[in-house]
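Two complexes follow with subunit A in common, the first pairing it with subunit B and the second with subunit C.
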Partner chain A sequence: MKKIWKKYEHNKLAHGIFLLIYIGVTSLSLYLAQKSVTAFLLLLSSLLLLYYTKFTNLTKWLVAGIVLVFLLPFTASHGDAYQSYMEVSTLVGIYIAMALGLNIVVGMAGLLDLGFVAFFAVGAYTYSIFASSQASHFMPFGTFPLSGESFWIFIVIGCLVAALFGILLGIPVLRVKGDYLAIVTLGFGEIIRIIFNNLDRPVNITNGAMGIPSVTPPRLFGIDFLYPSQFYFIVLVILLITIFTVRRFEHSKIGRSWKAVRENEIAAQSMGIPLVRTKLLAFAIGASFSGMMGVVFAAKQAFVDPTSFTLLESFTILVMVVLGGMGSVPGVILGASVMTILNLQVLSELTNWLNQLSLSGIISIPYALSPAKMQRLIFGAILITFALYRPQGLIPAKNRRFDEKELQRLNRKAISENKKIEQKGV
Partner chain B sequence: MLNEIIQTIPQVLIDGLTLGTVYAVIALGYTMVYGILELINFAHGEIFMTGAFIGTTLLLLFTGIGWISALPAIVMLLTVLIITAVLTGLLGMGIERLAYRPLRHAPRLIPLITAIGISFVLQDIVRFIAELSKGSYIVTGPNLFTNQLLLKTSSISSIFNDASIKASFVIVLVTAVVMMIGLDIFVNRTKWGMAMRAVAQDRETASLMTVNVNKVIAITFFIGSALGGATGVLFAVQYGTIDPYIGFILGLKAFTAAVLGGIGNIRGAMLGGLLLGVLEMFASANLTLLTGGVFGAEYKDVFAFAILITVLLFKPEGLLGKPATEKV
Partner chain C sequence: MPILEVQNLTKKFGGLTATQEVSMTVEKSSITAVIGPNGAGKTTFFNMITGIYQPTSGIILLENEKINGLKPHDVSKAGISRTFQNIRLFNQMSVLENVLVGMHTHLKAGLLGILFNLPVIRKEEKEAEMHAYHLLDYVGLADLLNEKATNLSYGAQRRLEIARALAANPKVLLLDEPAAGMNPKETKDLTELIHRMRQEFNLTVILIEHDMKLVMEISEHIVVLDHGVKIAEGKPEDIRNNPKVIEAYLGSGAVQAG
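Up next is the complex of A and B:
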């Protein structure tokens, strides 16, 4: 067995054929059996297989693009469950972007932020206030709601406002040492929620606990985006930009300084890394992804109220990061997908199944033990197990490997060029 | 406006002291653990909550058996307090053994994450048990010590209103004060207390002086958690209704109290707790009045967090703490 495995471990052709068969079979089964959640999940997990193949990055991205843009929407689109599949995929995308944002703060810069959902809330409220009649309560000029075309600008605005909040939170908080940071951000998350919950007096800005209804859907070239299947593509595009940005940051100078700060603040400082600026940047960038997705979330739900932004949400995102692997981009993507699907699909399916079983009288599960209510237990168990036994997560973070000889060659080249310049100067 | 505020001051003080003693005793648990391990024990609020549930269960059980008529209520409460304290103390020790000890040399982020995990698991387990046995996770304990006393503060000076006191207030206050004095004596006068202070100062040197560090840490967790659990019982007696999610915010505020007094400092935690309790009650009673109706009592949680952030910014060592110098 081991021999066969060894033989095919590095065989690209075998990988390719296996992957194609896998994708073919799962998409066919989803096409034929529309109600099968299993087929849907298996098709999604083909992306994980793809990650482990030995193809070049470009090929991987192309295949992933084909699966996500064409195959998944097409094969799922022939049944009643289409919108619910797309809803799940959209939410998975939203959570991935948020988890990537938190990953910058927690995973790369090592700052435990427990109020991360606050930035999501800021983004969501930024759009929903101006894209509903809510803004006319306090804005002296302009007509509200704004039209659906403004959504695209608001993605940028939401991003900037959340980044601003990140900096505003960061400035006082970053004077505080590691452990306190967790508590202060936790407090900040709660403060934001309480404020949104009560900001209907004296000036009605957020409509308090009632929430903001009938948020204008986004509009592009005269088409209104109303269904999850349409939002899916918006999320996909934003997600692509997010992943690209995060990967660029990870291996840039700023990414390396984040990691240095995480490992040892004093050592990093003595190597000339500006501590406050580096941390603030981590806060701002992490927050901005979250704010961006907040805007999309508000447009998708068409309704925003403070109950969507509780502490549990912040912890859910933290669980995603810890589960996937702190600091590891592919890991966090996996972690976010697993947690979201577990939350939305697996737990509710299990609950339905158990309910049916107890209805037909085979077993009786008390209501208190229904899996949908066990979120906290599952989150807690995941946090403990992973922190104790696998702190590096499902897919551990890797530092980029540099080829020593290549570096030496570049170095020699630089030296010889310098010499030439010096000789010219003489 | 000032008159109205002054009129309510006796009542605010009494309510604030009740809440403040609860904060103070929970803050002790945070501060002891932080002093010795430099770890924020997030699960401490949940230990408090578990204590409240164990206490209520025992009280309901005893009432069911009919002991309440045979014994004076205060004896029953003391029994319940002691049993709960021992149980939650053991729970705290177990948590330390399971979730913190293996991670003593890990990066500091990791034990924080297990602490959050533990606190979630405890919340849900308590919810299960409560929901399975009672049908709802919101539990109301038996009514004890409900007779009201009227404190005639208006006879001191006519600018005060009268304040009403629940009989349980006296019990909460006395028990909490006894616990705090007991702890203070334990830490400052006994051999184990000395070992504890030694470990807090320098773990390695203490272990060279034949102090059993692991044992001292376990005892610290036992005492902190026992105090937290006992306070849970007091809380349940005072406020009647409890649910599995009371621990989190209350724990957070108790942590604020610990920071306010100077984290790692036991007397500071007591002072900070009392101060925070009174300030919070003052805010919830007068915030509407002071701001002319802009901010209502619902901002009292914001107020507590604002205190925390202000203290961390301007006096991170707290009221009674010593400023720590960082050694490289």
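Up next is the complex of A and C:
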């Protein structure tokens, strides 16, 4: 058995065939059994399998693209559950982007931020205020709501405004470290929510606890984006951008300086890394991801109120990062997917199933014990379990591997060239 | 020509005076040792030069430019690099990455350049990797480049700190007890390494060290601190026979007995 596995482990062709069969079977079963959540989940987990194959990155991205852009929407599109699947997928995308943002702050720069959802709220409110009649309450000029076409600009604006808030928060907050930082950011998260909750007088900016209704849907070439199946593609594009951004930063001078600050502040400073600026940059970039997705979220829900941005949301995102693996991009993507799907699909399906069972009289479960109500319990349990038994997360962060042979060769070449120059000089 | 000049440097922590009116000059391309019993204020002295502590009073000049009041990262940019007494590596990062962090100030990559992965940036990164590898090779850690820093042996960690400090391409290198915890063979290699570094990089080295054999062998100038005060200064042979120094190390009885 071990032998077969060994053989399989390094055989690309076998990987390819297996993956193809897997994707084929799961997408076919989703196509045939539209209501099967299992088939949907299995199709999604083909991406996880893909991650562990030995293909080049380009192939992996291509296959993932085909699955996400064509296969998933197509196979799911033939039944009543289509929109609910797309809704789940869209939310998964939104949470992944936020978790990636928080991962920069917590995972890479090592700054524990417990109020991260505030930036999401900032993005959401930025769009919904101007894309509804809300802005006419306090703006002396202009006609509101703005048209749906402005949505695309607002993604950038939401990104920038959230980044600005990240910096504004960072300037006072970064004076404190560790536990104190966590508490201060927690307070900040709550303050933002309460401000949005109370900013309906003297000037009505956010419409307070009532929330902002009828946010204009995005519009492109005369088509309104109304359904989750349409938002799915917007989220996919933004998600792709965020993943590329994180990847670029991770292995650059900036990513290294974040990690250096996390590992040892004094040494990092002594190596020429400006502490405050580096931390602010982490806050700003992390926040900007959240802000972009906030805009999308507001447009998708068409309604925004402060209850969407509670402390629990911040914790949920943090749990995603911890579960996936702090500082690990693939890990965080997996963590966010698992948590969101667990939350939206598995728990609610389980509740439905138990309800059916109790309706048919097989068992009876009190309402208070239904799985959907146990979200916090399960989050807590996951957090404790991981902290104790796998603190590095599902997919631990890996350092980039440098090509030793290549560097060795180049180094030898450089040394021999130097010697030649020296000899000529003599 | 002096490269580093310290005038009347004083640091007070509340009621405690860590260093009092310490002055010294360091010649370019020299090796200077700062010695003294535990608690003499040597590391405080280093921390003030590198900007981690702000001196209570006094002036620090690097090539006639005042550098006290600068933040640590600006001091690093000005050309002073250091290692730490209690090793401070970036433990979870790889050995090569540790050295790359040392090159931070010399990399020009900006936010947008990184985002769009411009060819200039890629070239710079590649060259940085090569240089970092070269430095690792120089201190003898090249074959451990992908290892996590925390997994290295004690002596190797000390050498990695030196490579990282060298990566900043400093004018002055401060070594805080580089030989602490090393066996005689490692200490010998270190001595040789310091000599080589000075020659090849045209470096000025200041070191704090308790290993007297190393200090006497390597340094051209020695400054002795005791209770925050400079009690002696001079060539190794003068320091060896200086009664004040012997007293500071061995107690007042030692001089009379000797």
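Note that in this section the second predicted complex is superposed on the first by the 406 of 426 C-alpha atoms of A that agree within 3 Å, B and C clash if a C-alpha of one lies under 4 Å from a C-alpha of the other, contacts with A are read in each partner's own complex, and residues count from 1 in each chain.
The rule is simple: contacts are C-beta pairs under 8 Å (C-beta built on N, C-alpha and C of every residue); 3 or more make two chains touch, one makes a residue touch a chain.
These numbers were taken from a predicted model, which means no experiment stands behind them.
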Original post:
Which partner, subunit B or subunit C, touches the larger number of subunit A residues?
Top reply: B
Subject >> Contacts of A:183 with subunit B and subunit C, given as first, second, both or neither >> reply: first
Original post:
Once the shared chain is lined up, is A:382 touching subunit B (first), subunit C (second), both, or neither of them?
Top reply: first
Original post:
Looking at the overlay, does A:408 come into contact with subunit B only (first), subunit C only (second), both, or neither?
Top reply: second
**OP:** Could you say whether A:280 touches subunit B, subunit C, both of them, or neither, answering first, second, both or neither?
**Re:** neither
Original post:
First (subunit B), second (subunit C), both or neither: which does A:374 touch?
Top reply: first
Original post:
Once the shared chain is lined up, is A:194 touching subunit B (first), subunit C (second), both, or neither of them?
Top reply: first
**OP:** Pick one for A:269: touches subunit B only (first), subunit C only (second), both, or neither.
**Re:** second
Original post:
Just subunit B (first), just subunit C (second), both, or neither: which does A:260 touch?
Top reply: second
**OP:** Tell me which partner A:105 touches in the superposition: subunit B (first), subunit C (second), both or neither.
**Re:** neither
Original post:
Residue overlap on subunit A between the subunit B contact set and the subunit C contact set?
Top reply: 266
Original post:
In their shared complex, at which residues does subunit A touch subunit C?
Top reply: 245, 248-249, 252-254, 256-257, 259-260, 263-264, 266-275, 281, 397, 399-402, 404, 407-408, 410-411, 414
Original post:
Mind pulling up the subunit A residues that touch subunit B in the complex?
Top reply: 106, 110, 112, 114, 172-173, 175-176, 178-180, 182-184, 186-188, 190-191, 194-195, 197-198, 201-202, 266, 311, 315, 318, 322, 326, 366-369, 373-374, 376-377, 379-384, 387-388, 391
Subject >> Partner subunit A, residues of subunit B touching it in the complex >> reply: 38-40, 99, 102-103, 106-114, 116-125, 127-128, 131-132, 137, 248-249, 252, 255, 259, 293-294, 296, 298-299, 301-302, 305-306, 308-309, 312-313, 316, 326, 328
Subject >> subunit C - residues contacting subunit A, complex >> reply: 50-52, 71-73, 75-77, 81-82, 84, 88-94, 96-97, 100-102, 104-105, 107, 109, 111, 114-115, 117, 121, 125, 129-130, 133-134, 137, 142-143, 145-146, 148, 164, 168
